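After this come two complexes, each holding subunit A, first together with subunit B and then together with subunit C.
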Partner chain A sequence: MPATERVRLARLAEEAVAATKGVAASVGRTGVWATPDGGRTIPGVVAIALPQGRVEIALHVDAIWPPPPLTRVADTLRDRLVRSAQAAGLGDRLGPVAVSFHDVRAPGEGA
Partner chain B sequence: MVAALRTLAGLIGFLLLVILALAGLAAAVFSLQGGEETLSYHNLAHLLHLDDLDAELGAWLSALEADGPTAAIAALAGAGAVVLGIALLVGALVPTRERLIILRRDQRGDVAARRRAVGQAAAALAEQSRDVMSAKAKVRPRRRGAGGNLRVTANHARTVGNREVAAAVRERLDALADALSLHVRVRGRVPRRGGRVR
Partner chain C sequence: MADAGTTSTGEQSHELSTQKGQTSIADAVVTKVAGLAAREVPGVHDLGGGAARAVGSVSQRVGLGDQRSQGVSVEVGQREAAVDLTLVIDYGESIPQVAEAVREQVIKRVEGITGLSVTEVNIGVNDLYFPGEEQPEEETRVS
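Let's turn to the complex of A and B:
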(Lines of atoms letter the chains of each structure in order from A and count residues from 1; the text may use other names and numbers.)
(Lines give C-alpha, C1' and ligand atoms only; values in the text may rest on other atoms or scores of the structure.)
Protein backbone atom coordinates (compact mmCIF):
# COMPACT_ATOMS: atom_id res chain seq x y z
CA MET A 1 0.00 0.00 0.00
CA PRO A 2 1.51 3.38 -0.93
CA ALA A 3 2.42 5.61 2.02
CA THR A 4 0.40 8.74 2.62
CA GLU A 5 2.00 12.13 2.05
CA ARG A 6 2.05 12.60 5.81
CA VAL A 7 4.12 9.46 6.31
CA ARG A 8 6.37 10.29 3.36
CA LEU A 9 7.11 13.68 4.89
CA ALA A 10 7.76 12.03 8.25
CA ARG A 11 10.28 9.72 6.57
CA LEU A 12 12.02 12.69 4.97
CA ALA A 13 12.13 14.38 8.38
CA GLU A 14 13.72 11.25 9.85
CA GLU A 15 16.37 11.36 7.13
CA ALA A 16 16.99 15.06 7.77
CA VAL A 17 17.59 14.40 11.49
CA ALA A 18 19.89 11.46 10.73
CA ALA A 19 21.91 13.57 8.27
CA THR A 20 22.37 16.52 10.64
CA LYS A 21 25.40 16.56 12.88
CA GLY A 22 24.93 17.35 16.55
CA VAL A 23 21.38 16.00 17.00
CA ALA A 24 19.64 12.67 17.48
CA ALA A 25 15.94 11.81 17.44
CA SER A 26 14.20 11.60 20.82
CA VAL A 27 10.97 9.67 21.42
CA GLY A 28 10.53 11.00 24.97
CA ARG A 29 10.19 9.01 28.18
CA THR A 30 6.85 7.54 27.16
CA GLY A 31 7.73 7.06 23.50
CA VAL A 32 4.96 9.32 22.24
CA TRP A 33 7.04 11.39 19.84
CA ALA A 34 6.90 9.06 16.89
CA THR A 35 4.89 8.47 13.73
CA PRO A 36 3.61 4.98 12.85
CA ASP A 37 4.89 3.82 9.49
CA GLY A 38 3.55 0.38 8.63
CA GLY A 39 5.23 -2.11 10.93
CA ARG A 40 7.64 0.39 12.49
CA THR A 41 7.61 3.87 13.98
CA ILE A 42 9.57 6.91 12.93
CA PRO A 43 11.25 8.15 16.14
CA GLY A 44 11.31 11.82 17.10
CA VAL A 45 8.95 12.89 14.31
CA VAL A 46 5.32 13.85 14.82
CA ALA A 47 3.50 14.55 11.55
CA ILE A 48 0.14 16.28 11.87
CA ALA A 49 -2.22 16.64 8.92
CA LEU A 50 -3.56 20.20 8.70
CA PRO A 51 -7.00 21.02 7.25
CA GLN A 52 -5.61 22.67 4.10
CA GLY A 53 -3.95 19.42 2.99
CA ARG A 54 -0.62 20.44 4.44
CA VAL A 55 1.37 18.57 7.05
CA GLU A 56 2.94 20.10 10.13
CA ILE A 57 6.13 18.41 11.25
CA ALA A 58 7.32 18.51 14.86
CA LEU A 59 10.90 17.32 15.31
CA HIS A 60 11.89 16.15 18.80
CA VAL A 61 15.62 15.88 19.16
CA ASP A 62 18.42 15.69 21.70
CA ALA A 63 21.56 17.73 21.18
CA ILE A 64 24.75 15.68 21.16
CA TRP A 65 27.53 16.81 23.47
CA PRO A 66 29.18 19.29 23.03
CA PRO A 67 25.91 21.09 22.33
CA PRO A 68 25.90 22.90 18.98
CA PRO A 69 24.25 26.34 18.53
CA LEU A 70 20.63 25.24 18.77
CA THR A 71 19.03 27.81 16.49
CA ARG A 72 21.58 27.10 13.76
CA VAL A 73 20.93 23.36 14.02
CA ALA A 74 17.18 24.03 13.82
CA ASP A 75 17.71 26.05 10.63
CA THR A 76 19.84 23.28 9.15
CA LEU A 77 17.16 20.70 9.93
CA ARG A 78 14.41 22.81 8.42
CA ASP A 79 16.34 23.70 5.28
CA ARG A 80 17.28 20.07 4.74
CA LEU A 81 13.68 18.95 5.13
CA VAL A 82 12.35 21.69 2.84
CA ARG A 83 14.87 20.78 0.13
CA SER A 84 14.13 17.05 0.29
CA ALA A 85 10.37 17.69 0.35
CA GLN A 86 10.68 19.85 -2.77
CA ALA A 87 12.81 17.20 -4.47
CA ALA A 88 10.16 14.59 -3.67
CA GLY A 89 7.38 16.82 -5.05
CA LEU A 90 5.95 17.44 -1.59
CA GLY A 91 7.15 21.02 -1.14
CA ASP A 92 3.65 22.47 -1.26
CA ARG A 93 2.44 19.92 1.30
CA LEU A 94 5.01 20.77 3.95
CA GLY A 95 3.59 23.07 6.62
CA PRO A 96 5.35 24.58 9.65
CA VAL A 97 8.33 22.67 11.00
CA ALA A 98 8.75 22.93 14.78
CA VAL A 99 11.98 21.84 16.41
CA SER A 100 12.20 20.96 20.12
CA PHE A 101 15.45 20.18 21.90
CA HIS A 102 14.82 17.96 24.89
CA ASP A 103 18.17 16.96 26.28
CA VAL A 104 21.90 17.02 25.86
CA ARG A 105 23.20 13.52 25.23
CA ALA A 106 26.72 12.09 25.20
CA PRO A 107 27.89 10.84 21.79
CA GLY A 108 26.79 7.23 21.26
CA GLU A 109 24.28 7.36 24.12
CA GLY A 110 20.85 5.91 23.24
CA ALA A 111 17.57 7.85 23.41
CA MET B 1 14.62 -2.50 43.01
CA VAL B 2 13.68 1.16 43.34
CA ALA B 3 11.25 0.80 40.45
CA ALA B 4 9.59 -2.18 42.18
CA LEU B 5 9.30 -0.23 45.44
CA ARG B 6 7.84 2.71 43.56
CA THR B 7 5.24 0.41 41.95
CA LEU B 8 4.44 -1.09 45.37
CA ALA B 9 4.06 2.38 46.93
CA GLY B 10 1.78 3.41 44.07
CA LEU B 11 -0.33 0.26 44.47
CA ILE B 12 -0.69 0.68 48.23
CA GLY B 13 -1.54 4.35 47.80
CA PHE B 14 -4.18 3.46 45.23
CA LEU B 15 -5.71 0.76 47.47
CA LEU B 16 -5.82 3.16 50.43
CA LEU B 17 -7.59 5.73 48.29
CA VAL B 18 -10.14 3.12 47.14
CA ILE B 19 -10.80 2.12 50.78
CA LEU B 20 -11.14 5.79 51.73
CA ALA B 21 -13.52 6.40 48.83
CA LEU B 22 -15.67 3.38 49.81
CA ALA B 23 -15.77 4.55 53.45
CA GLY B 24 -16.83 8.00 52.29
CA LEU B 25 -19.53 6.52 50.06
CA ALA B 26 -20.86 4.41 52.93
CA ALA B 27 -20.87 7.44 55.23
CA ALA B 28 -22.73 9.48 52.59
CA VAL B 29 -25.35 6.76 51.93
CA PHE B 30 -25.95 6.06 55.62
CA SER B 31 -26.47 9.76 56.33
CA LEU B 32 -29.64 9.83 54.23
CA GLN B 33 -31.86 8.88 57.16
CA GLY B 34 -31.73 9.58 60.88
CA GLY B 35 -32.66 7.85 64.12
CA GLU B 36 -32.69 4.07 63.91
CA GLU B 37 -33.74 3.92 60.21
CA THR B 38 -32.05 1.63 57.67
CA LEU B 39 -29.84 4.33 56.16
CA SER B 40 -28.73 5.91 59.44
CA TYR B 41 -25.36 6.08 61.16
CA HIS B 42 -26.77 4.07 64.06
CA ASN B 43 -27.68 1.23 61.67
CA LEU B 44 -24.28 1.49 59.96
CA ALA B 45 -22.55 1.11 63.33
CA HIS B 46 -24.82 -1.86 64.10
CA LEU B 47 -24.02 -3.51 60.72
CA LEU B 48 -20.28 -3.08 61.35
CA HIS B 49 -20.62 -4.54 64.86
CA LEU B 50 -19.51 -1.24 66.35
CA ASP B 51 -22.30 -0.97 68.94
CA ASP B 52 -19.90 0.21 71.65
CA LEU B 53 -18.70 3.01 69.39
CA ASP B 54 -22.31 3.88 68.60
CA ALA B 55 -23.05 4.13 72.31
CA GLU B 56 -20.13 6.48 72.76
CA LEU B 57 -20.86 8.65 69.72
CA GLY B 58 -24.65 8.37 69.78
CA ALA B 59 -25.23 11.83 71.24
CA TRP B 60 -22.83 13.42 68.77
CA LEU B 61 -24.47 11.61 65.82
CA SER B 62 -27.88 12.82 66.98
CA ALA B 63 -26.53 16.38 67.07
CA LEU B 64 -25.18 15.84 63.57
CA GLU B 65 -28.59 14.80 62.26
CA ALA B 66 -30.44 17.66 63.90
CA ASP B 67 -30.26 21.31 62.82
CA GLY B 68 -27.60 23.23 64.71
CA PRO B 69 -23.94 24.23 64.84
CA THR B 70 -22.65 20.63 64.75
CA ALA B 71 -24.61 19.91 61.57
CA ALA B 72 -23.42 23.20 60.00
CA ILE B 73 -19.77 22.38 60.74
CA ALA B 74 -20.28 18.87 59.35
CA ALA B 75 -21.86 20.31 56.17
CA LEU B 76 -18.93 22.69 55.74
CA ALA B 77 -16.44 19.88 56.29
CA GLY B 78 -18.31 17.76 53.72
CA ALA B 79 -18.24 20.56 51.15
CA GLY B 80 -14.52 21.04 51.84
CA ALA B 81 -13.90 17.32 51.36
CA VAL B 82 -15.73 17.42 48.01
CA VAL B 83 -13.63 20.41 46.83
CA LEU B 84 -10.43 18.71 48.02
CA GLY B 85 -11.41 15.51 46.22
CA ILE B 86 -12.03 17.38 42.96
CA ALA B 87 -8.68 19.18 43.34
CA LEU B 88 -6.89 15.85 43.92
CA LEU B 89 -8.61 14.33 40.88
CA VAL B 90 -7.52 17.27 38.73
CA GLY B 91 -3.97 16.90 40.06
CA ALA B 92 -3.94 13.18 39.34
CA LEU B 93 -5.67 13.14 35.96
CA VAL B 94 -4.81 16.38 34.18
CA PRO B 95 -1.47 15.89 32.41
CA THR B 96 1.25 18.41 33.12
CA ARG B 97 3.02 20.03 30.24
CA GLU B 98 6.50 21.29 30.76
CA ARG B 99 7.04 24.86 29.66
CA LEU B 100 9.70 24.96 26.98
CA ILE B 101 12.00 27.86 26.28
CA ILE B 102 10.98 29.31 22.96
CA LEU B 103 14.16 30.09 21.10
CA ARG B 104 12.42 31.52 18.07
CA ARG B 105 8.83 31.74 16.89
CA ASP B 106 7.76 32.54 13.33
CA GLN B 107 5.44 31.25 10.60
CA ARG B 108 7.94 28.50 9.73
CA GLY B 109 7.32 26.97 13.16
CA ASP B 110 8.68 27.17 16.70
CA VAL B 111 12.19 26.36 17.77
CA ALA B 112 12.11 25.38 21.43
CA ALA B 113 14.30 23.73 24.01
CA ARG B 114 13.61 21.97 27.27
CA ARG B 115 14.94 23.76 30.33
CA ARG B 116 17.21 20.87 31.21
CA ALA B 117 18.99 20.95 27.85
CA VAL B 118 19.68 24.67 28.10
CA GLY B 119 20.68 24.38 31.76
CA GLN B 120 23.18 21.61 31.02
CA ALA B 121 24.73 23.59 28.18
CA ALA B 122 24.99 26.70 30.38
CA ALA B 123 26.55 24.78 33.30
CA ALA B 124 29.07 23.17 30.95
CA LEU B 125 30.06 26.56 29.52
CA ALA B 126 30.37 28.04 33.02
CA GLU B 127 32.62 25.18 34.10
CA GLN B 128 34.97 25.95 31.23
CA SER B 129 35.81 29.21 32.95
CA ARG B 130 39.12 29.28 34.84
CA ASP B 131 38.77 29.01 38.64
CA VAL B 132 35.27 27.51 38.43
CA MET B 133 35.18 24.10 40.08
CA SER B 134 31.52 23.37 39.43
CA ALA B 135 28.44 25.22 38.28
CA LYS B 136 24.71 24.86 38.55
CA ALA B 137 22.27 26.49 36.15
CA LYS B 138 18.54 27.05 36.45
CA VAL B 139 16.47 28.24 33.52
CA ARG B 140 13.03 29.74 33.69
CA PRO B 141 11.18 30.44 30.43
CA ARG B 142 9.39 33.73 29.91
CA ARG B 143 5.63 33.50 30.18
CA ARG B 144 5.24 35.17 26.79
CA GLY B 145 7.57 35.45 23.88
CA ALA B 146 11.00 33.98 23.34
CA GLY B 147 13.80 33.44 25.82
CA GLY B 148 13.95 33.23 29.57
CA ASN B 149 15.98 33.83 32.69
CA LEU B 150 19.16 31.90 33.39
CA ARG B 151 20.59 31.79 36.92
CA VAL B 152 24.03 30.30 37.32
CA THR B 153 25.80 29.54 40.59
CA ALA B 154 29.52 28.99 40.13
CA ASN B 155 31.58 27.38 42.89
CA HIS B 156 35.16 28.58 42.89
CA ALA B 157 38.35 28.53 44.91
CA ARG B 158 39.00 30.95 47.78
CA THR B 159 41.86 32.53 45.88
CA VAL B 160 39.54 34.51 43.60
CA GLY B 161 36.67 36.84 44.33
CA ASN B 162 32.99 36.25 43.59
CA ARG B 163 32.78 39.22 41.23
CA GLU B 164 35.75 38.18 39.12
CA VAL B 165 34.36 34.68 38.72
CA ALA B 166 30.86 35.96 37.93
CA ALA B 167 32.26 38.28 35.24
CA ALA B 168 34.32 35.49 33.68
CA VAL B 169 31.33 33.12 33.64
CA ARG B 170 29.08 35.81 32.18
CA GLU B 171 31.56 36.29 29.35
CA ARG B 172 31.48 32.55 28.64
CA LEU B 173 27.69 32.60 28.54
CA ASP B 174 27.33 35.68 26.35
CA ALA B 175 26.99 33.81 23.06
CA LEU B 176 24.47 31.35 24.48
CA ALA B 177 22.46 34.13 26.11
CA ASP B 178 22.35 36.15 22.88
CA ALA B 179 21.33 33.16 20.78
CA LEU B 180 18.56 32.09 23.14
CA SER B 181 17.44 35.55 24.38
CA LEU B 182 18.34 34.69 27.97
CA HIS B 183 18.69 37.18 30.78
CA VAL B 184 21.71 35.90 32.70
CA ARG B 185 22.43 36.22 36.41
CA VAL B 186 25.64 34.73 37.73
CA ARG B 187 26.57 34.23 41.37
CA GLY B 188 30.03 33.18 42.41
CA ARG B 189 30.54 31.47 45.76
CA VAL B 190 33.09 29.52 47.70
CA PRO B 191 31.71 26.08 48.59
CA ARG B 192 31.28 25.42 52.30
CA ARG B 193 33.97 23.51 54.08
CA GLY B 194 33.22 19.84 53.50
CA GLY B 195 30.79 20.76 50.73
CA ARG B 196 30.78 18.48 47.74
CA VAL B 197 32.25 19.58 44.46
CA ARG B 198 31.37 17.66 41.32
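Let's turn to the complex of A and C:
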Protein backbone atom coordinates (compact mmCIF):
# COMPACT_ATOMS: atom_id res chain seq x y z
CA MET A 1 0.00 0.00 0.00
CA PRO A 2 1.62 3.28 -1.03
CA ALA A 3 2.06 5.90 1.67
CA THR A 4 -0.15 8.96 1.70
CA GLU A 5 1.33 12.35 0.89
CA ARG A 6 0.98 13.22 4.56
CA VAL A 7 3.13 10.27 5.60
CA ARG A 8 5.62 10.92 2.79
CA LEU A 9 6.05 14.49 4.04
CA ALA A 10 6.43 13.20 7.59
CA ARG A 11 9.21 10.87 6.43
CA LEU A 12 10.96 13.77 4.72
CA ALA A 13 10.65 15.78 7.93
CA GLU A 14 12.21 12.90 9.85
CA GLU A 15 15.12 12.85 7.40
CA ALA A 16 15.53 16.62 7.72
CA VAL A 17 15.85 16.32 11.51
CA ALA A 18 18.29 13.42 11.22
CA ALA A 19 20.45 15.39 8.78
CA THR A 20 20.59 18.51 10.93
CA LYS A 21 23.40 18.88 13.43
CA GLY A 22 22.49 19.91 16.96
CA VAL A 23 18.98 18.46 17.20
CA ALA A 24 17.27 15.14 17.89
CA ALA A 25 13.63 14.22 17.52
CA SER A 26 11.51 14.29 20.66
CA VAL A 27 8.29 12.37 21.14
CA GLY A 28 7.54 14.11 24.43
CA ARG A 29 6.89 12.59 27.83
CA THR A 30 3.71 10.93 26.65
CA GLY A 31 4.96 9.96 23.23
CA VAL A 32 2.30 11.90 21.36
CA TRP A 33 4.60 13.79 19.00
CA ALA A 34 4.83 11.13 16.35
CA THR A 35 3.20 10.06 13.12
CA PRO A 36 2.09 6.46 12.51
CA ASP A 37 3.75 5.00 9.44
CA GLY A 38 2.64 1.46 8.81
CA GLY A 39 4.14 -0.70 11.51
CA ARG A 40 6.30 2.04 13.02
CA THR A 41 6.02 5.64 14.15
CA ILE A 42 7.97 8.63 12.93
CA PRO A 43 9.25 10.29 16.12
CA GLY A 44 9.08 14.02 16.66
CA VAL A 45 6.93 14.75 13.63
CA VAL A 46 3.25 15.63 13.71
CA ALA A 47 1.72 15.90 10.25
CA ILE A 48 -1.81 17.27 10.02
CA ALA A 49 -3.86 17.39 6.83
CA LEU A 50 -5.17 20.84 5.96
CA PRO A 51 -7.91 21.86 3.53
CA GLN A 52 -6.94 21.96 -0.15
CA GLY A 53 -4.67 18.95 0.24
CA ARG A 54 -1.88 20.69 2.12
CA VAL A 55 -0.14 19.27 5.17
CA GLU A 56 1.00 21.16 8.24
CA ILE A 57 4.19 19.84 9.78
CA ALA A 58 5.20 20.35 13.40
CA LEU A 59 8.74 19.32 14.26
CA HIS A 60 9.36 18.55 17.95
CA VAL A 61 13.02 18.43 18.82
CA ASP A 62 15.55 18.57 21.63
CA ALA A 63 18.74 20.53 21.18
CA ILE A 64 22.05 18.70 21.66
CA TRP A 65 24.52 20.52 23.91
CA PRO A 66 26.21 22.77 22.93
CA PRO A 67 23.67 23.73 20.30
CA PRO A 68 24.10 26.32 17.60
CA PRO A 69 21.69 29.30 17.67
CA LEU A 70 18.24 27.70 17.74
CA THR A 71 16.56 30.07 15.29
CA ARG A 72 19.26 29.22 12.75
CA VAL A 73 18.74 25.50 13.38
CA ALA A 74 14.99 25.96 12.91
CA ASP A 75 15.50 27.75 9.60
CA THR A 76 17.91 25.02 8.46
CA LEU A 77 15.29 22.38 9.26
CA ARG A 78 12.63 24.28 7.32
CA ASP A 79 14.91 24.87 4.33
CA ARG A 80 15.85 21.18 4.22
CA LEU A 81 12.25 20.07 4.38
CA VAL A 82 11.12 22.55 1.74
CA ARG A 83 13.91 21.46 -0.64
CA SER A 84 13.30 17.75 -0.17
CA ALA A 85 9.53 18.22 -0.54
CA GLN A 86 10.07 20.07 -3.78
CA ALA A 87 12.47 17.39 -4.99
CA ALA A 88 9.87 14.73 -4.19
CA GLY A 89 7.16 16.62 -6.06
CA LEU A 90 5.40 17.53 -2.82
CA GLY A 91 6.40 21.19 -2.63
CA ASP A 92 2.87 22.43 -3.22
CA ARG A 93 1.55 20.07 -0.55
CA LEU A 94 3.79 21.33 2.22
CA GLY A 95 2.00 23.80 4.46
CA PRO A 96 3.20 25.61 7.58
CA VAL A 97 6.28 24.17 9.27
CA ALA A 98 6.59 24.89 12.99
CA VAL A 99 9.66 23.96 15.01
CA SER A 100 9.47 23.50 18.77
CA PHE A 101 12.50 23.02 21.01
CA HIS A 102 11.49 21.22 24.18
CA ASP A 103 14.69 20.34 25.97
CA VAL A 104 18.47 20.32 25.83
CA ARG A 105 20.29 16.99 25.91
CA ALA A 106 23.54 17.28 27.79
CA PRO A 107 26.57 15.08 27.13
CA GLY A 108 25.85 11.52 28.20
CA GLU A 109 22.15 12.16 28.40
CA GLY A 110 19.92 9.92 26.32
CA ALA A 111 16.56 10.62 24.77
CA MET B 1 7.58 27.75 0.18
CA ALA B 2 6.47 26.84 3.64
CA ASP B 3 4.86 29.57 5.67
CA ALA B 4 4.64 30.12 9.37
CA GLY B 5 2.70 27.85 11.66
CA THR B 6 2.05 27.34 15.30
CA THR B 7 2.23 24.42 17.64
CA SER B 8 0.57 24.07 20.99
CA THR B 9 2.85 22.09 23.25
CA GLY B 10 1.04 22.51 26.53
CA GLU B 11 4.19 23.77 28.20
CA GLN B 12 5.65 27.22 28.87
CA SER B 13 7.52 28.48 25.85
CA HIS B 14 8.26 31.63 23.91
CA GLU B 15 7.84 32.08 20.19
CA LEU B 16 10.40 33.46 17.80
CA SER B 17 9.02 34.31 14.40
CA THR B 18 11.24 34.74 11.40
CA GLN B 19 10.30 35.21 7.78
CA LYS B 20 10.57 31.46 7.32
CA GLY B 21 8.26 30.36 10.10
CA GLN B 22 7.61 30.16 13.79
CA THR B 23 10.02 28.69 16.29
CA SER B 24 9.06 27.79 19.81
CA ILE B 25 11.64 27.42 22.58
CA ALA B 26 10.43 25.92 25.86
CA ASP B 27 11.41 27.64 29.09
CA ALA B 28 12.99 24.33 30.10
CA VAL B 29 15.49 24.84 27.30
CA VAL B 30 16.49 28.27 28.62
CA THR B 31 16.73 26.84 32.13
CA LYS B 32 18.97 24.01 31.03
CA VAL B 33 21.19 26.20 28.89
CA ALA B 34 21.73 28.51 31.85
CA GLY B 35 22.49 25.58 34.18
CA LEU B 36 24.92 23.91 31.79
CA ALA B 37 26.62 27.24 31.08
CA ALA B 38 27.14 27.88 34.79
CA ARG B 39 28.65 24.41 35.25
CA GLU B 40 31.20 25.15 32.53
CA VAL B 41 32.85 27.77 34.73
CA PRO B 42 35.84 26.58 36.78
CA GLY B 43 35.22 26.98 40.48
CA VAL B 44 31.54 26.07 40.28
CA HIS B 45 31.11 22.80 42.12
CA ASP B 46 27.36 22.40 41.91
CA LEU B 47 24.07 24.24 41.58
CA GLY B 48 21.16 24.42 43.96
CA GLY B 49 20.57 24.72 47.66
CA GLY B 50 21.11 21.84 50.06
CA ALA B 51 17.51 20.67 49.88
CA ALA B 52 17.38 20.97 46.11
CA ARG B 53 20.59 18.98 45.75
CA ALA B 54 19.37 16.27 48.11
CA VAL B 55 16.03 15.98 46.35
CA GLY B 56 17.72 16.19 42.96
CA SER B 57 20.11 13.44 43.86
CA VAL B 58 17.30 11.14 44.98
CA SER B 59 15.05 11.92 42.04
CA GLN B 60 17.89 11.40 39.59
CA ARG B 61 18.64 8.01 41.11
CA VAL B 62 15.09 6.92 40.45
CA GLY B 63 15.18 8.40 36.97
CA LEU B 64 12.82 11.30 37.58
CA GLY B 65 15.01 14.32 38.04
CA ASP B 66 17.44 16.33 36.03
CA GLN B 67 20.21 17.81 38.13
CA ARG B 68 21.24 20.07 35.28
CA SER B 69 18.25 22.28 35.95
CA GLN B 70 18.45 22.45 39.73
CA GLY B 71 19.44 25.76 41.20
CA VAL B 72 18.26 27.60 38.11
CA SER B 73 15.17 29.73 37.79
CA VAL B 74 14.36 31.71 34.66
CA GLU B 75 11.76 34.23 33.69
CA VAL B 76 11.31 34.33 29.96
CA GLY B 77 9.51 37.00 27.96
CA GLN B 78 9.07 37.49 24.23
CA ARG B 79 12.56 38.90 23.72
CA GLU B 80 14.26 38.89 27.11
CA ALA B 81 15.13 36.52 29.91
CA ALA B 82 16.18 36.94 33.52
CA VAL B 83 18.10 34.19 35.27
CA ASP B 84 18.48 33.38 38.97
CA LEU B 85 21.20 30.93 39.99
CA THR B 86 22.12 29.28 43.27
CA LEU B 87 25.72 28.09 43.31
CA VAL B 88 28.04 25.95 45.38
CA ILE B 89 31.59 27.16 44.85
CA ASP B 90 34.86 25.38 45.47
CA TYR B 91 36.48 26.55 48.71
CA GLY B 92 39.41 28.86 48.02
CA GLU B 93 38.06 30.38 44.81
CA SER B 94 37.29 34.06 44.65
CA ILE B 95 33.52 34.21 44.88
CA PRO B 96 33.20 37.56 43.10
CA GLN B 97 35.41 36.36 40.23
CA VAL B 98 33.59 33.06 39.84
CA ALA B 99 30.23 34.83 40.02
CA GLU B 100 31.27 37.31 37.35
CA ALA B 101 32.59 34.52 35.11
CA VAL B 102 29.30 32.63 35.55
CA ARG B 103 27.34 35.75 34.70
CA GLU B 104 29.32 36.28 31.49
CA GLN B 105 29.10 32.62 30.47
CA VAL B 106 25.35 32.40 31.09
CA ILE B 107 24.71 35.58 29.11
CA LYS B 108 26.93 34.36 26.26
CA ARG B 109 25.29 30.95 26.05
CA VAL B 110 21.67 31.98 26.52
CA GLU B 111 21.90 34.90 24.10
CA GLY B 112 23.91 32.91 21.56
CA ILE B 113 21.76 29.80 21.63
CA THR B 114 18.24 31.13 22.16
CA GLY B 115 18.49 34.63 20.69
CA LEU B 116 16.96 36.07 23.85
CA SER B 117 18.49 39.13 25.46
CA VAL B 118 19.50 38.42 29.05
CA THR B 119 18.55 41.36 31.22
CA GLU B 120 19.99 40.08 34.48
CA VAL B 121 21.74 37.11 36.04
CA ASN B 122 21.23 37.05 39.79
CA ILE B 123 23.60 34.76 41.66
CA GLY B 124 23.33 33.43 45.16
CA VAL B 125 26.19 31.47 46.65
CA ASN B 126 24.58 28.91 48.86
CA ASP B 127 27.51 26.84 50.03
CA LEU B 128 31.21 26.13 49.68
CA TYR B 129 32.59 22.77 48.68
CA PHE B 130 35.49 21.17 50.50
CA PRO B 131 37.16 18.12 48.96
CA GLY B 132 36.19 14.95 50.74
CA GLU B 133 32.90 16.43 51.83
CA GLU B 134 30.73 13.95 49.98
CA GLN B 135 28.93 11.21 51.82
CA PRO B 136 30.65 7.92 51.07
CA GLU B 137 28.64 5.58 48.89
CA GLU B 138 26.97 2.79 50.83
CA GLU B 139 28.84 -0.43 50.53
CA THR B 140 27.01 -2.93 48.41
CA ARG B 141 26.06 -6.15 50.09
CA VAL B 142 26.72 -8.21 46.99
CA SER B 143 29.64 -8.23 44.65
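Convention: the second predicted complex is superposed on the first by the 108 of 111 C-alpha atoms of A that agree within 3 Å, B and C clash if a C-alpha of one lies under 4 Å from a C-alpha of the other, contacts with A are read in each partner's own complex, and residues count from 1 in each chain.
Here, contacts are C-beta pairs under 8 Å (C-beta built on N, C-alpha and C of every residue); 3 or more make two chains touch, one makes a residue touch a chain.
Keep in mind that this is a model prediction, so the values were computed, not measured.
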| item | value |
| --- | --- |
| Combined model on subunit A: subunit C and subunit B, fit or clash | clash |
| Partner chain(s) touched by A:71 [first = subunit B, second = subunit C, both, neither] | both |
| First, second, both or neither for A:79, with subunit B first and subunit C second | second |
| First (subunit B), second (subunit C), both or neither touched by A:63 | both |
| Partner chain(s) touched by A:106 [first = subunit B, second = subunit C, both, neither] | second |
| Dominant contact partner of subunit A by residue count, subunit C or subunit B | C |
| First, second, both or neither for A:97, with subunit B first and subunit C second | both |
| 26-34, 62-70 or 134-142: stretch of subunit C that collides with subunit B | 26-34 |
| Overlap of the subunit B and subunit C footprints on subunit A, listed as residue numbers | 56-58, 63, 65-67, 69-71, 74, 78, 96-104 |
| Subunit B partner contacts - residues on subunit A that touch it in the complex | 56-58, 62-63, 65-67, 69-71, 74, 78, 96-104 |
| Residues of subunit B that touch subunit A when the two form their complex | 100, 103-104, 107-114, 116-118, 120-121, 124, 175, 179-180 |
| Subunit C partner contacts - residues on subunit A that touch it in the complex | 28, 46, 56-58, 60, 63, 65-71, 74-75, 78-79, 81-82, 94-104, 106, 109 |
| Contact set on subunit C toward subunit A in their complex | 1-7, 9, 11, 13, 16, 18, 20-26, 28-29, 32-33, 36, 68, 109, 112-115 |
